[in-house]
Amino acid sequence: MKIKRRDFLKGLAGSAVLAMAPPAIAASSEKNRLPDALGILYDSTLCVGCQACMVACKKANNMPMEYSGSQRLWENPVDLSSKTLNVIKEYENGAAKIKDREIDGYAFIKRQCMHCVDPACVSACPATAMTKDPKTGIVSYNKDACIGCRYCAVACPFDIPKFEWDNPFPKIVKCQLCNHLVAKGQIAACASECPTGASIFGPVKDLLIEAERRQTMIPGKYYEFPVAEVSSTTKQVHKVKQYIPYLYGKNDGGGTQTFMMAAVPFNKLGLPTLPDRSYASMAENIQHTLYKGMILPIVVFGGLIFLVKRSEKNKKE
Amino acid sequence: MKDLNFTDPVNEKLKGVSRRDFMKFCGIMAVSMGLPLGAGTQIAQAITNAKRRPPVIWLHGQECTGCTESLLRTSHPSIEHLILDLISLDYHETLNVGAGHQAEAALKKSVEDNAGKFILVVEGSVPVKDGGRYCMIAGRPFGDIVKEVAAKAAAVIAIGSCASWGGWQSSDPNPTGATGIPEFLSGTTVVSIPGCPPNGYNFMSTVAYFLTLKKLPELDALGRPKFAYGRLIHENCERRPHFDAGRFAEQFGDEGHRLGYCLYKLGCKGPMTRNNCSALHYCDVGAWPVNTGRPCFGCSEEGIGFTIPLFTEADIENVTPSSVHPPIQTTRGGGISKGAAALLGGIGGAAIGAGAVAAKRLGDKDKGDNS
Amino acid sequence: MKTEQPLEGKILTPTFLICGLIFLISLIFMGKRFIYGLGAVTNMNDGYPWGLWIAFDVVIGTALGCGGYAMALLVYVFNKGEYHSLVRPALMTSLFGYTLAGVAVVLDVGRYWQLYNIFLPWHMNASSVLLEVALCVGAYVAVLWIEFSPTVLTKFGTDNAKAFMNKIMFVFIALGILLPTMHQSSLGTVMVIAGSKLSPLWWTRLLPVLFLISCIFLGYAIVVVESSLTGSRYPIHDESKLLGKISGIMAWLIAIYLVIRFADLGMRGHLDLAFKGDLLGNMFLLENLLLVVPMAVLFVPANRKNPRVMFLCAVSIVLAATVYRFNTYIIGFDPGNGWHYFPSAGEIFISLGIVSLEIMAFLYFIKRLPIYRRS
């Protein structure tokens, strides 16, 4: 072999420095909560599974019906899809007799966009079709920018962005927290139609306070719960269940603006177990370390030009 | 009998309706019209303050008189109360005391005297084929009479499906050219109270509304009062929870049928028929087809009743989620089709074959080089 | 010194015709995809938004096209002019691999008529790894054609054009090394954001490092496979000496790769997953076994003189890198909620059609353009 060990290692170091750098530099690119962010607090123990939120969501967003099976009797999506932005799913175990119990019980869970503090879809989208509102933090989609690559769907830890597979001119579809209603001073349809206060809409900072209040409630006693909006004066009195002492979305995946409370463990309800640091920030860290201002690539490019020139000279000699 | 005073003697006899009964009636009217309860008082005032009871002329065309029969079975108010205290029923072929020329004269007089003030109610469709010869009254085609009377009416109400859109006579092949009044009198506002028969209270409420507020109730695109025809039967059906849960009677008399399950699979047209039968039952005993175990056949809806076969399953409008929730996990995708498997097998085989051949050649070449 | 010459011969060979037929059939499926949407042809779904086309045609396709990059690295960065004879064929495979990956992207993206958005500065998202990949790959395809242009100009061009191209070629050669370094590592970074959806056997922040190293030894393996295959069929100059040296480099690169791979897995504490005996564990073992064996074989100097052994080792390495990419993009990817994916026949056919087109172009080019040195 004519390649000297030294040469080889030198060259390798040069070409691999790009890729080796990221883990070494762990500068944080984590995002913080926006002060005026809006969101939803979903309390599984208050949800009765009436699916009024699903009906309201379809109406408010003008979404098509989704059927399964040959008979078109019910609107029965099995999951979120390009036709369904909001779905109530049911956890069942054994005899499924008692609500909000893990063993032999059942519980409901609402799935919708979590409106992450550091959304993977926004980070991933090459064409800036996914954007996070700088004020409300609502993550919305712009079909005129989208190229349909579906990287947002790959990236989202909650599997929220959905694609119109059967449309030759497809788009991505996702919950945008009824931002057309929010713009008019209204609230998300799912929360406004929820009869029990299982979904309440409001500023994230108020929702966090409300969630904390619920965590300190004594199970079995009766408490007041706001309906529709966190600041609502309409209250309902419910008997408090034994909450899992964990607010899903407070820190999960870097934090979200949709929060979940439940009496059944969240992984049983189909919510992913995520680290407190968003994967988006990890990927961005690598990306920004390497390509910030394109300095590193330009330096490497300069080096390469030198090397190529040298090699061409050698060839001529 | 020149002076046709048709109502007075009977009126005297019925003066005994108690105030309490009367107020009860007005309250019920208000409720069935979707007005606040307090509006009952307003209705009572409108009715009692009227200097003269509003004259009503009721014409019968191609029909079975079922609408009238249904109306006769109302009890609050009773039909007597309606026609004697509330309105002045000047002409009604079934209820007329007089007959023949006498009756025709009453019609003529009332139309002339009350021009622009009376309410015209039409029951039955108008045959338009062959010069209208299929329905002649006093020697004249029914259509001519309708046109003539309607021209002077303050309001026109088409009662029953026949009058509203042609009813059963208009079913294919429609030999008489049966036509509903709104279409026959196109250009005139006609309030339709379809149904076969319609609930009498829907008719009475419409009349009471007109008397009280001096205007017609809010109508939908087909001229039906929204308070009665604004929603699907399916939406208020007492068997709706069975539908949502997927519990159906599969055939007449089976276990599901006896348990009172949803009749959808027996051809119930409730999901596509707009009417208030499921909320306001008939005949004051809470009867209506579905609670007797008979699927709705969409009698009041054009294009459904007398048109779609009885046992054909309805299309669902305003689809909503069933009461069965999807599970947390659903297995989807990933089925390996035979074609895909065969294709992959073929590719794999071809690749291995090509690789083997190439390797062999290389080996041979190697040997050749060495030798 | 011998120079490159066309290999001549008939174009319409049985291989060429079969490839042509497959390509024509795939055109039907492509038509269906554009008329009825992606769902009509593919099995991709909301759980697996990326299927065979991205994993195979784009990620693996461009990785297989790394021969040009790997050889350029050797010739220009490590200053080994002796390998120059292998550059042109390698460059040509890269050209096809990358160009057709571009075609596959147009087929795969839903809103292809807006694809140009990624080239508009006001639409660009600097945080997006995929944007970096897209721009880099796009630029590299252009660079590849320019790098390849002397070959075409030799046949058709004027002397002036050739001289001009030769003068500025060094810029494109440098770019031709920079760009793959950037996007081949980024193809690994792409899956970092998938996070919890990717099995810990493959998810690591070192994905870019692993993808970069593996694409280089894969590039060399492709050069070996291709030269062997062409050499077994056509009378080209015997390059087995050079191939032997390349095989040695491969063995070293694989060794470095495996050290990083296992050290990383061990440090993250997921080594046990490899031996669970489930599909993921077995795929992991397969992927690495396909590397360990040829590495061990190629470390023995005698084996680096045997064309058949080198060929088989190179095939194993190509398979290993392919399986690694499949694992990272599809097999190790689990979105949860019961989603599954297996490519449909139509999907496979379109991929096959693209490969067929590549083979047809390859056969045409080596026969009509000066690519190989004839013996």
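Each chain gets a letter, A, B and C, in the order it is written, and its residues are counted from 1.
Note that in this section a residue touches a chain if its C-beta (ideal position, glycine included) is under 8 Å from a C-beta of that chain, and two chains touch if they have at least 3 such contacts.
Bear in mind that the values here come from a model prediction, so they are computed numbers and not experimental data.
K.L.:
Which chain's mean C-alpha position is nearest the mean C-alpha position of the whole protein set?
P.N.:
A
K.L.:
What chain is the most remote from chain A, judged by the mean position of CA atoms in each chain?
P.N.:
Between chain A and the rest, the longest centre separation is with B.
K.L.:
For this structure, I'd like the pair of chains sharing the most C-beta contacts.
P.N.:
A-C
K.L.:
Determine the centre-to-centre distance between chain B and chain C, using the mean Cα coordinates as centres, and give it in whole Å.
P.N.:
67
K.L.:
With centres defined as the mean C-alpha position, give me the chain A-chain C separation in Å.
P.N.:
Taking the mean C-alpha position of each chain, the two centres sit 33 Å apart.
K.L.:
Rounded to the nearest whole Å, what is the centre-to-centre distance of chain A and chain B, using the mean of the C-alpha atoms as each centre?
P.N.:
Going by mean C-alpha positions, chain A sits 47 Å from chain B.
K.L.:
Among the residues of chain A, which are close enough to touch at least two other chains?
P.N.:
Those would be 79, 270.
K.L.:
Would you pick out the residues of chain C that each touch at least 2 other chains?
P.N.:
Expected reply: 45, 47, 336-337, 339.
K.L.:
Where in chain B do residues touch two or more of the other chains?
P.N.:
Within chain B, the residues that touch at least two other chains are 328-330, 332.
K.L.:
What part of chain B is in contact with chain A in the complex they form?
P.N.:
Residues of chain B touching chain A: 243-244, 246, 264, 313, 315-316, 319-330, 332.
K.L.:
Chain A touches which residues of chain C in the complex?
P.N.:
Of all residues in chain C, those touching chain A are 34-40, 42, 44-47, 49-50, 73, 75-82, 84, 108-112, 114-115, 117-118, 123-132, 134, 170-171, 173-175, 177-178, 181-182, 185-186, 188-197, 205-206, 208-209, 211-213, 216, 245, 248-249, 252, 256, 333, 335-337, 339.
K.L.:
Which chain A residues qualify as touching chain B in the complex?
P.N.:
49, 51, 54-55, 65, 67, 71-79, 87-92, 108-109, 268-270
K.L.:
So in the complex, the part of chain B that touches chain C is made up of which residues?
P.N.:
Listed in rising order, the residues are 328-337, 339-340, 342-344, 347, 355, 358-359, 361-363, 365-366, 369.
K.L.:
Where on chain C is chain B touching in the complex?
P.N.:
Contact set of chain C toward chain B: 43, 45, 47-48, 228-229, 231-233, 238, 306-308, 311-312, 315, 336-345, 347-349, 352.
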